[in-house]
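Shared between the two complexes below is subunit A, which pairs with subunit B and subunit C, respectively.
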Partner chain A sequence: MTPPRKKKMNLKQRYALMTRGLDWETSYQKMDDVFPYDTFEGIKITDWSKWEDPFRLTMDAYWKYQGEKERKLYAVLDSFAQNNGQLGISDARYVNAIKLFLTGVTPLEYQAHRHFSHLGRHIRGVGPRVAAQMQSLDELRHAQTQIHTISHYNKFFDGFSEFPHMHDRVWYLSVPKSFFDDACSAGPFEFFTAISFAFEYVLTNLLFVPFMSGAAYNGDLATVTFGFSAQSDEARHMTLGIEVIKFMLEQHPDNLPIVQKWVDKWFWRGHKVLGLVAMMMDYMLPKRVMSWKEAWEIYFTEAGGALFEDLSRYGLRVPKYADIATEEAEHISHQNWAIFYQYTQAAGFHTWIPGDDELDWLSEKYPNTFDKYYRPRFEMWREMEAKGERFYNNALPQLCQTCQIPMGYTEPGDPTKIGFRSSIYKDERYHFCSQGCKDIFDDEPEKFSQAWLPVHQIFQGNCGGADLSDVLKWYHMDQGIDNMDYTGSPDQKQWDAWQAARKKVAG
Partner chain B sequence: MAVVALKPGYADAVEIRDRKENFHGNQVVYLHWEEHLSFCAATAFPLPPEMPFGALTEKLIPQFYGMHPDFKSLDWNSVEWKIDGEPATPDMSKSLAENGVGHKSLVCFRTPGLNGYKGSCS
Partner chain C sequence: MKLTATGVPVFTVERLTSGIKRQIPLEEKAAMSIDIKTMNVEPKRQTFAHVARRLGSDTTASRYEEGVYDLQATTHFHYRPIWGPEYWTFDEGRTAIKMKDWYVFKDPRQFYYGTYTVTRANMHQTTDRNFAFEEKRNMLANIDEEWREMIVKYLIPLRHYEWGANMNACAVSDAGYGAALTSAMIFTTGDRLGIAQILSRIGIALSEGDGELLDQAKQEWMEADAWQGVRKAIEDSLVVKDWFEILLAQFLVMDGMVYPLVYNHFDTEGQKHGAAALSILCEFMVDWSAEHNRWVDAVVKAAVKESDENRALLSDWYGKWRNIMREALQPQAAMVLGDGGEAVLNEVCEQLDARASKLGLTL
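Up next, the complex of A and B:
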């Protein structure tokens, strides 16, 4: 006798059984002891079952779908390697953008994996817990696939090989690292607001679109393919971000001021971290996609504006200092590239002065500011370079206590003055690059007074020694190979030799 | 506002990382040449508090700012000083501490008439 055929469950039923159905109310231990993290921040949740997961993804479906995607990605990577894809990029200067990505961003994917895995255990509601578990796997996959994608460049170019070590130690990489450490050392709802909402929802397009379009414009097929492969995951992450915000705001009116404070904080922190992307877009891509200012207008001013209009029905307003961040979009890329140009001796990638056509492009994209404030700076440095007096800043910079970036940002409304801010906490003085960073410190001085500021750590003797060469050794940066200008670098020599060989073959 | 933390007593257990005691007898001093933003930010130095203020103008500033084209025209007598945002007239023979330069103080100097490459504040 054949058993009666079981009716196949629909997606909704499967989802219910494989998520909500896995949960239970504990009786031997108090729920508060089992889930110690999800109440102390003051966020009030009255009904966890109200959580909506619009994707209704179950683990078996996840496995199948991601497996297919990765098979495709690795096929492209293999073919990129076999066909010497590194020869097809626009110019070897482009590779420096990828160095910045691997040392600055990829380790954050891994950090995100770790913390979403923590949330996948510690959130009381099963809906968000399962969503966090899925995202934790996504982030681990992204870290891995990025490392595999970029590993091809490591065979031919310098500056890649020590990326995890560098991420933990190098002065400018403390900017993204401390950003994520701040989020991971916060409670679960602040982490969700910081990473899932402020970063993955509000600002993500300003990270991924520039890098992936930059890759496409500059012939880097491998990175473009990674970008496509990650895109569907990113869509899920964005949905989690918006869902978390709506859930918190719908659950209890007392949550609004807490959420607003976090949105303000993480918008500002994200804006400062993205300054690295700004500089990549305006200075590091041999073939440019659009200016940072244009990207900011499309992805923050327009898209973000619509988002916050939508969220205003919950009482949430546009992040504090969004107007100042928008004004800074005129300046941040130039100010950041200037930092790396003068500290090239301690950078893990190569720097250069933009060529005339590139300076003209910047003048055209920034008609209100570039010729007045920044072009003369590059022209002065170019003159000095021509005289054999290349401009190096041989002193260490003052860093912002909150974002840890050298305090090179100017006063709103006056690009000729550095915008110094400071606070006193327990008789100690602290310095900030902006009012936004000062406000963040003043709200939690206990946390930020513990910041590991690279410059102060060097002075305290914790970074391998007092001389630049000692510190570079401690960073695992090879002097004259990983750092300094592109002109004269081993990267350039290699690239030029390839081009010469091609010409010879072509006759 | 009191800190929001999971661990009771967190605020009292905080160890401030950059206390003066951690700098081996030095204090951190920041210098900034106004209207010369080709130096991207103020610069940081670990200096003994008993060091005379004059060592800044005789040694440190020439060493670290001397490559700027404006530097050769710099007249120390006309320089305007600010210590932690307040206008100051430092006594060059007295120590940093006696001049009110403490740990993590910011010393700014402005050079009237010299405002960067072609007047661009660079």
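Up next, the complex of A and C:
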């Protein structure tokens, strides 16, 4: 028998047969009924086949690479648990950063899984549809591996145990939750722009990297291993984000103003959510990686600047209010920590006044603002604490209708004046922390007027009762255990006991 | 290390001081008289509170339980989706099936992402080996010429059927309720893409390295009479709004007929025409289907058990899709099996009916 004639295909041709070749033009049902959601936003796609697959991963390769990473990750997690790795962290105050992560970010990973499934089913082009399906799998991975990583901390520390319950209810967690709800309730192209581009591409280095570097600097081997393991997934997600933007802009000139509006909106939404990360970086890491301001300069001003220069050939410009966000990088972490310090009685993690060396670090990192505006306030609070008059803010704060953060931010150019905007929609007045948030509302008032604002809901009696203790109970937060200052907390007592026992063993 | 006959090490389970169960090889246990001094740190709790509530007490939970239970947000959504304001993003109303607790749909395979990917990677390693084995011995060349043509008619077009199933799984992962269901369904989404790609590889191998036969097979799918019933059924399922109906139609009914018909009966017929190599290349699908059916059966059974209303609705859907598929597959069976097709199709349907009755459906 003569050996068969073997024809050769290159990777691109082969991948095209393995994915795009699967699809067909339906004839028993209209394509518009099979894909009902991908036209109403006004984005015009003239030729789906022009989509460049950013990575050509067949399912078998996906299983192989991902399975291998999972084996390695879980080996480390098992070892971390067996060896009580939590004893090796820099200080138990650090654990509060991962409390914020599990309650605030992990449920979003699950939401991302769901909405990438939405896109993985409903986007007409096969290329982006397959990419979205893989990202849905990845996002589920991140939710589950984060839970499994942090599961061990939950056994020893408070504040983790009720994370899904808290995510749906607690006042500050409505900030990340409403951010993601906003994206998921938008059309598929806006979701791509919001999550794949603005979040995963432009801002990911300001979310993922600070948490994971923070873990590395503070001896949290479990979380940093998760971080390394997720890195190649994130790289794929970023590649998808930039491909989506380029594809939309290349397909039709009418897409530009729509995309620009979304980029403006989601940059501002992202900037406000990331204020929580800013606070984590500057205040919650006992061993600090870099200041928020430094991170902003490197990852947004420089890297983002280069990116938007590159995208300018499509007519896309730097997001609106980028200059204001950059100015706010001098303030946002201090203002946020001050909010949580004042409302520690209703927070699901512990707070504290930075020690002298930490205040000095902040002075050094923020020479323009910290000594002038923020250090005196923290020092005053510290003195009050010493006199037994620890300051609690017992009035519920007004929330911004858009970003849902208490209205504690200051005016651009005047850090002594609280920023304040409002709009009237259907005879009701709505309040905003900034011009950026007001613009977003004004563009979609019907959407944003629906927001479930935690403070309004407490006043309306929908959150367990009128007293703080009722609300805490409704949050599933244990008074004196999950909330309040680190000093005097069960977390602290346990950590100190461990340290004492180790000293004894060391002899 | 002591091994069982299947090569699996013998383990015992011990609870560590951290409260975590750890599997220890028996031999290691025997040698565990060395007393390593460690600090004894006592855990405050064994698992998350929501998991403990489901387990009935604060006890060690599995990774499946921690990775799935209550992960989906259930309340206080902020904005109605502008693409469909009649429901919240996650909304029980997206199906007419009613459940008190959506986490009774536990996966008997206990798949979370880690166990899922590792299991599939292992399965596919065997598939890769089978392809290499086939290629080395040029086994596809042993298939009779007319049967090769038959394969292009009956098997390769199934890659489009798989792509439809991929979309349906993804639809349930999108619109379904509760992380137990949506996580299992995104795994199935990946599975069906993977199977479509194995079928594509078979087509490329038969084509001696290019996509010519895939194009032919696509033409079969689009135009051949034998396929139009199935293609119509798939396209009709793609516009079904109730995600539980999609789940039942695709994974119980359509798969419940297509898989035994194709990978059992058609394959057996192929043996007579020198197509033994094809059976090896389709092993993944046979193994996958047996495993996936465990999940399908568990889900349908739990939904039926919940209430008579659920049972009635699911039974209606079952009857509707069963009849559609029975008719759709008739020309397929006749094409591949000739006069014997009718009897085989009856047998396949009887078996599926028996399975459905066992799950509590009324036929």
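Following the convention adopted for this analysis, the second predicted complex is superposed on the first by the 494 of 507 C-alpha atoms of A that agree within 3 Å, B and C clash if a C-alpha of one lies under 4 Å from a C-alpha of the other, contacts with A are read in each partner's own complex, and residues count from 1 in each chain.
To be clear about the criterion, a residue touches a chain if its C-beta (ideal position, glycine included) is under 8 Å from a C-beta of that chain, and two chains touch if they have at least 3 such contacts.
Note that the structure is a prediction, hence the values are computed from the model and not measured.
When the two complexes are overlaid on their common chain A, residue A:G187 makes contact with subunit B and with subunit C alike. Ranked by how many residues of subunit A each touches, subunit B and subunit C are led by C. Look at A:E411: by the touch rule set out above, it reaches neither subunit B nor subunit C. With both structures placed on the common chain, the touch criterion links A:I147 to subunit C but leaves subunit B unconnected.
By the touch criterion defined above, A:R377 reaches subunit B but does not reach subunit C.
Once the two complexes are overlaid on the shared chain, A:A451 sits against subunit B and subunit C alike.
Applying the stated contact rule after C-alpha superposition, one finds that A:R429 touches subunit B and leaves subunit C untouched. When the two complexes are overlaid on their common chain A, residue A:E389 makes contact with subunit B while staying clear of subunit C. Once chain A of one complex is fitted onto chain A of the other, the partner contacts of A:Y37 extend to both subunit B and subunit C. In the superposition on chain A, A:W24 makes contact with subunit C only, while subunit B stays out of contact range. Note: residues 37, 40, 187, 447, 450-452 of subunit A belong to the subunit B contact set and to the subunit C contact set alike, using the contact criterion stated above. Taken together, the subunit C residues at the contact with subunit A in this complex read 16-20, 22, 37-39, 41, 43-50, 63, 66-68, 70-84, 89-90, 112-114, 117-118, 120-122, 124-125, 127-128, 138, 141, 159-160, 162-163, 166-167, 170-171, 173-174, 179, 182-183, 185-187, 189-191, 193-194, 196-198, 200-201, 204, 207-211, 214, 218, 221-222, 231-232, 235-236, 238-239. Residues of subunit B touching subunit A in their complex: 1, 3-6, 10-11, 14-19, 22-24, 26, 28, 30-32, 34-35, 37-46, 63-64, 67, 69, 84-85, 102-106, 115-118, 120-122. Those residues of subunit A that touch subunit B in the shared complex are 36-37, 40-42, 187, 335, 338-339, 342, 372-373, 376-377, 379-381, 384, 389, 391, 393-399, 406-408, 410, 415-418, 420, 422, 426, 428-431, 443-444, 446-447, 449-453, 455-456, 459-461.
The residues of subunit A lying in touch with subunit C in their complex are 1, 3-9, 13-14, 17-19, 21-24, 26-29, 33-34, 37, 40, 58-60, 62-64, 66-68, 70-71, 73-74, 78, 81-82, 84, 87, 107, 110-111, 113-115, 117-118, 120-122, 130, 133-134, 136-137, 140-141, 143-145, 147-148, 151-152, 154-158, 160-165, 167-169, 174, 177-178, 181-182, 184-188, 447-448, 450-452, 457, 476, 490, 494, 498, 501-502, 505.
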